[in-house]
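The next block holds one structure in the form of structure tokens; read it before the comments.
A, B and C label the chains in the order they appear, each numbered from 1.
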């Protein structure tokens, strides 16, 4: 401090005491750190999975590959083989390499879920903020319709739409998932927005005469970005589980594309032989979803669990 | 004041149910081509399609169709299914639903009966000893369980109990006359799966609710008044947590409504959800409508119960000024 | 007198996420004798509550004892096990928290919570405890004592809950009471009542007490010894007379200096210049405003009725009243945040549109609003230079170098260093944030500044500095001020004119001198007499006067007819005051009192 400032600045002897301890920073616990690594791992797989896969997703492996040297068995089984050097994670009901199908399927499962979550956010946040800052009538009507949408279990809603659309393709799958999850995004965006819109600093901007656009983009959005990002993580998990469940029921991604959920379904018959083919893709989903939840858990611990509470209710 | 709040909630539930019925009706009529065409298939002559259309009232405007449908549903007539078609006009849906509803209700009630006490116990134990090893393991395990897909839990259980240990059948085959031990063994796998899934949710939310109450100033005050720990939990905390916990349970039973879909499918359990999946695959729209309405109505009733629980637990409403 | 409690070189630290210890209390020693009240005084962060709680062997979560002893009759409470602690807290030491509203369990009856401890610890049977509770309710002057026990916390008022807290603490006849800021959240007229009840009950019961507060004037009324704390260390420790009348330590003197003198005539800033004939800078006429659905132009919850206020150019008008009287609503009406249902808002004699959205940008520029809580009034995601830069850009069209220079000038004006421009609000202390909040309003070069309780969230020394700053700014800029506060001494030290609001009506207005000297409106008189004076023995004197009788807190409602103060007024005329709207009595100058009584009658 220069001398001139010392004159005007607060006296050093009995400085004003800080009102509150400094905010806690987000610290990753060890499960959180593992979560981040797993997430990065899958992001890389989405990018280069098909390139590093030992086989193509649709390749039905040759019997010759499975011939044990020295054995006289010329036509060994290729389906539901246990993990070995040839098929690291075993083979599936048609004798395809499970690992390759998981590497290819990552793109489908994660890609579809990500796009659907993005769509849900686009719709949900836009309408949610509109309801928060808009007129009472707009808020009322949007919220009523939203409440009704939330009163339908998401899987039921999807079943009705899928039945009506007659085995829709990936495009419609994304639209359906995005539309259904937009309802819960709407709710959280609206409640976050409402909290900020009544805050004093927004009121200060209104008294200044700022327009709606300025208030939304400069005052409201920067203050709800962090909780929304966290919620995006959780929502992404739910969409993955949702899409996988649909595929598992045979109503999502259709063969011959490989998708983790439908891989579980296809290989379900292997369970009775003790095959791990249905388990592996399910585990792949689990690593992804558990990782995201571990990271979100660390973030909500840092924000005092406020965020978690809002998301439960 | 209390009754007004409850009546208000009841009104909202009715309105919601009505809006949901509209949404389902719109949803099932999205595509061109109607039920008559679906029922009769590609081979039908235009004349027979038109005749069926007239019989089903499909030649009337959509709003009138909706009203007729709504009236029929209200009277207990859920329409006719494509199933069993060939000779006549298909099977009345009400007849098909009976055994399926019974099976699903039996499954979910058994699950609720086991999951609620178990998860309340574990949730309270975790909340009473926050930060301990026990609490940390319970939170960690439940967080993992709610993160994974339902079918992972189901397949893992099959691999362990059916394939590995050989104790239980991997598929439910119900003849309808099972009793006692046989019935328990038959239903064990789907029940176990659903109990694990529902309990994880209830445990986490019970723990959060009780901890939330335990961190309130009046609990700190009770500690500072020298009130014994047991009384703090049983009288001061639980009294305030009961409403939220009932709310949590009702909401999770509502979740169960969606959860049975995957589980019934995996174990080939002949319940309502499996019937609905079959209907979707066969594009049997009246059946889809009927199943969806039953599920949604149950869901709305449970949410209504959850709301009532929160209203009843609010002392401001119970003891007005 | 013998020693009851000995605090000996007490040390308490906070443990953070990295397991590092930060000392909060750094070796504090003092004693409490039987039947004696010891006050712990300090600003936020001084460790006063932490020290007080240690006498119950308790630390808040995240804090831990790191040294020293707290001995109750020779026995160290810090080393007690949980059973011993329970009986200590149940039988010998009782705690009264700051916010009774939060510390009563909403689901249990008041009676159960008051009697719980002494019954559990076997001091009294349930019947005896109920009888004792009823005696205490009477002693604390609580209404309806025989049925109070069966009611629930939300069914009684805040001031009553605060007294019920005392009943809870006293029920088991403890040796030591720990009172943590028990009157801070209350209005002045309620505070005096509660203070009075506490003091007489403590005397009656012969209990010793530790009284925690930040308010020196309150301490002077109730304490025998005073411990002055700063940052976890004792600055001064002595008898009440000695500390209040002859403070020896520099920090104590600063605290004393920050206490504003009791409101009296002749304190306000000199009314600048003679009365000019031009239109007032800002004026509101016959305002009716409120919230909720409007029916026939009248809102369902009316907050303000028939309000007239004029702010002359360069003047500062103080608006005073208790919580819920509508003073903040009035500021919102002026700013256009809440359009009035009836009446006019005039700026420089020109009528303004009631709603903000309809006003022109240069009209908005001339009226600037300074919000109460600087914490929430500054966007946490914007840097200080953006916060100050926006109004410069928005109203004055300043850009680039010019804008930067002006931001520098503004920081200088509110006496903050230049490098604050690059910081975020959370990197600033409460007082610094409030200065930024002021600077943002000044950035618009306004004519009128609406200051809503700008210092009530600040510690006393910091608040006093902000008032000094406001005075200097007023001289420098010539801006007119509307200064809203619940604290009459603050208003008296800053305003030229005072408007007294009660239940949404103006009961008295005039120059500061006129309002603060007789004749008074009965409510103004109550307000003035309720402000604690920084001298020992003030409370006893005030308790004799008839005004104190009117202090009993009631639910204040805005009535459509009659005078709202009727049910508390010592001069009320039955049949007139409750039926007819009181007339405006114009006294000397522009001094107005709205009352049915005549000037001669006020003087009595």
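The definition used in the following text is that a contact is a pair of C-beta atoms (placed from the backbone, for glycine too) under 8 Å apart; a residue touches a chain by one contact, two chains touch by 3 or more.
All values reported here derive from a predicted model rather than from experimental measurement.
For this assembly, give the contact graph shape among line, ring, star, complete and other.
Here the contact pattern is complete, since every chain touches every other one.
Using the touch rule from the top, work out which pair, A-C or A-B, shares more C-beta pairs.
Between the chain pairs A-C and A-B, A-B carries more contacts.
In whole angstrom, how far does the Cα centroid of chain B sit from the Cα centroid of chain C?
It comes to 52 Å between the two C-alpha centres.
Roughly how far is chain A from chain C, going centre to centre by Cα mean, in whole Å?
48
How many Å are there between the centre of chain A and the centre of chain B, using C-alpha atoms for each centre?
Spacing between the chain centres: roughly 23 Å.
Under the definition above, what is the set of chain B residues touching chain C in their complex?
Its residues touching chain C are 216-218, 220-228, 231, 235-236, 239-240, 313, 315-316, 319, 321.
Would you mind writing out the residues of chain A in touch with chain B in their complex?
My answer: residues 31, 144-145, 147-149, 151-157, 159-166, 237, 241, 244-245, 248-251, 261, 264, 268, 271-274, 278-279, 282-283, 285-286, 289-290, 292-294, 297, 305, 308-309, 312.
If you look only at chain C, which of its residues touch chain A in the complex?
Residue list for chain C touching chain A: 14, 17, 43-46, 230-231, 250-251, 254, 335-337, 356, 359, 361, 364-365, 368-369, 371-373, 375-382, 390-391, 394-395, 412, 415-418, 426, 429-432, 440, 444, 459, 461-462, 465.
For the complex, which residues does chain A have touching chain C?
So the residues of chain A touching chain C come out as 1, 5, 8-10, 13-14, 16-19, 21, 23-24, 27, 199-201, 203-204, 206-210, 218-219, 222-223.
Quick one: in the complex, what on chain C touches chain B?
Chain C reaches chain B through residues 53, 56, 58, 85-91, 94-95, 97, 99, 102-108, 116-117, 120-121, 151-152, 154-155, 168.
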